[in-house]
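Down below are the structures I want you to see.
First chain A sits with chain B, and in the next complex the same chain sits with chain C.
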Partner chain A sequence: MTPFHGPYDDGDYADGNALAGPLREIFAVDLTAASGRCAHCGAEGPVALLRVYAHAPGLVARCPSCTEVVMRLVRGPNSAWLDLRGATSIRIPLGVE
Partner chain B sequence: MARLVERRAETPSAQTLVLDVPDWPGHLPGQHVDVRLTAEDGYSTQRSYSIASASDGSRLELTVQRVDDGEVSPYLADVLAVGDPVELRGPVGGWFVWRHTDTAPVTLVAGGSGIVPLMAMVRTRRAAGSKALFRLLYSVRTPQDCIYADELRSRARDDFGLDVAYVYSRQAPQGWPGEPRRLGVADVNTHGWPADFQPACFVCGPTGFVETVADILIALGHEPRRVRTERFGPSGP
Partner chain C sequence: MGIVSPGFHGRRSAAAPELPPGQYLTEDFPVLTAGPTPRVPTDAWEFTVVTEAGQRYAWSWADLMALPGQTVTVDLHCVTKWSKLGTTWTGVSLDTLLENVETAADYALVHSYGGYTTNLPVEDLLDGQAWIAFKYEGEDLAPAHGGPARLLVPHLYLWKSAKWVRGIQLLNEDEPGFWESAGYHDYGDPWREQRYQGD
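Up next is the complex of A and B:
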């Protein structure tokens, strides 16, 4: 169906807005507006502001303050793996959408 | 499953795809969809595209900037034909969105095809009869790269409370006062709302552009929580 070339489009990273679709497959609410606290440096901010690297197998989201990994998401054929070791907490606004 | 019903050339490298999506639930301006392409051998890949249109029944418009070595955008821009199916997921995103019930003034800053989700906000504003005051600052390389040029010209005239200003980074139109240059502090200060007005600020464009503009807005005294950004990257438009 498609003429595919190289592995990426241009640019080095996107931001957490790009996690909206992949996370919405797992969670019933939008998580990009949720606020996370980085386990490494303690910075707190919306998931939408994380730096998202899609080059890896899966998505790697890094803290915009210290660049440590906050979240990893890998989608397999029958399951999704979500690694949140880099986040101390995530505060999810409810009833907003 | 969506279907392409029409395509429009916006610039030499950008196309608007008009899709019909049965059971589309509606969307907020600023939201995006994830478009998935699957090859015959089963390899599949997806990209996020901002929605360009205001919510309107089952009709949905995306504007796709062709990235020449990209995997997805050349296919959408050049190959996909009217009547072809398109696999998409959405609408998604709940942070980089404007709600027409919000009455605060709005500053929009677009770099290149970063205009797309901001145009959805401009279109929704009028469709919803919002009186929120909007200022749009749009940075393009050359006049030929200006997406929605005609529509922006007529909206700047007809949409009461909408101001539109341009910055040309490579080549300015004939008769333009000043030289082509990158967008700077003076542009944001002159064409955006002052921080005292507590505007909602939306910035969309390539990563470097967005970071520069966000830093300028913060330096001008805007609260970080009122500055919402969306960057293009490997999975962006």
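Up next is the complex of A and C:
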């Protein structure tokens, strides 16, 4: 179906720092310091600036430029599901090798 | 107040309404949303059904309003563990909408304005189990709760009752929707506590 172009109300979301705790459980590095490229519009920016909709069955992180989904994180009792299909890449700052 | 013996209230299970396993009762109506809330004017609203053969059926808002409506009182069970009992909705039964649709498909993928999707078997849309609902407690359905119209499938967890419903794709193969592709159960029966994949 073709996208519905609006209007929309932004609704209730937090910034990407809301991902810090749940992602720390999975990754050894703090991914909110990483930057990602949106698979929909190509915008690149820090994970911490994603729009995170947390009043939902999982965390839904959306691109601040186009509002499409960049990342989804569902935490079940025994597993977490991380869906990154909305990000073409994640750039993670590391120490000098 | 001191501690009151449970004996004064009789058996708790007799007084408390019966809820699916793991659920708690709520009196308010929490708003859960995975993204921005679309504001769809009814004069631009359209509901479509596309069959497995590619045949397309469409209803405008006026078309929907012209169909016989039903008012039903049902219980809601959200996978985030709240349940709300005795909610009253008005809508058009999917039996009515699918009555003249030529299909032999077993699966449905429901689409919403805003891009949300959810999947369920076609048989769960039929036999008085599902509606396109546009009134809640006698009032027009608010956008926060899925207005102007949402799918209502109360026998499954509420994520299946897609807000801002826009159309249904009828498919020969099951295709997971937004939450079903991110760890949630494909079917989502609250009485069998089918929350996550593998439950």
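Descriptive notes on the structure:
Quick note on the criterion: the second predicted complex is superposed on the first by the 84 of 97 C-alpha atoms of A that agree within 3 Å, B and C clash if a C-alpha of one lies under 4 Å from a C-alpha of the other, contacts with A are read in each partner's own complex, and residues count from 1 in each chain.
The rule we apply is simple: a residue touches a chain if its C-beta (ideal position, glycine included) is under 8 Å from a C-beta of that chain, and two chains touch if they have at least 3 such contacts.
Bear in mind that the values here come from a model prediction, so they are computed numbers and not experimental data.
In the superposed model, A:D30 makes contact with chain B only, not with chain C. Of the two partner chains, chain C is the only one touched by A:A56; chain B is not. Of the two partners chain B and chain C, it is B that touches the larger number of chain A residues.
Of the two partner chains, chain C is the only one touched by A:V69; chain B is not. Of the two partner chains, chain C is the only one touched by A:W81; chain B is not. In the superposition on chain A, contact is made by A:N17 with chain B only, not with chain C. Touched by chain B in one complex and by chain C in the other are residues 1, 3-4, 6-12, 53, 55 of chain A. Against chain A, the residues of chain B that register as touching in their complex are 31-34, 37-40, 43, 45-48, 67, 69-75, 79, 89-90, 92-96, 206-207, 228-236.
The part of chain C that touches chain A in the complex is made up of residues 30-40, 48, 79-80, 111, 113-115, 143, 159, 166-167, 179, 181-184, 195-196. On the chain A side of its complex with chain B, the touching residues are 1-18, 20-22, 24-25, 29-30, 32-33, 46-49, 52-55, 96-97. Residues 1, 3-4, 6-12, 53, 55-58, 60, 62, 67-69, 72, 74, 76-77, 79-81, 83 of chain A touch chain C in their complex.
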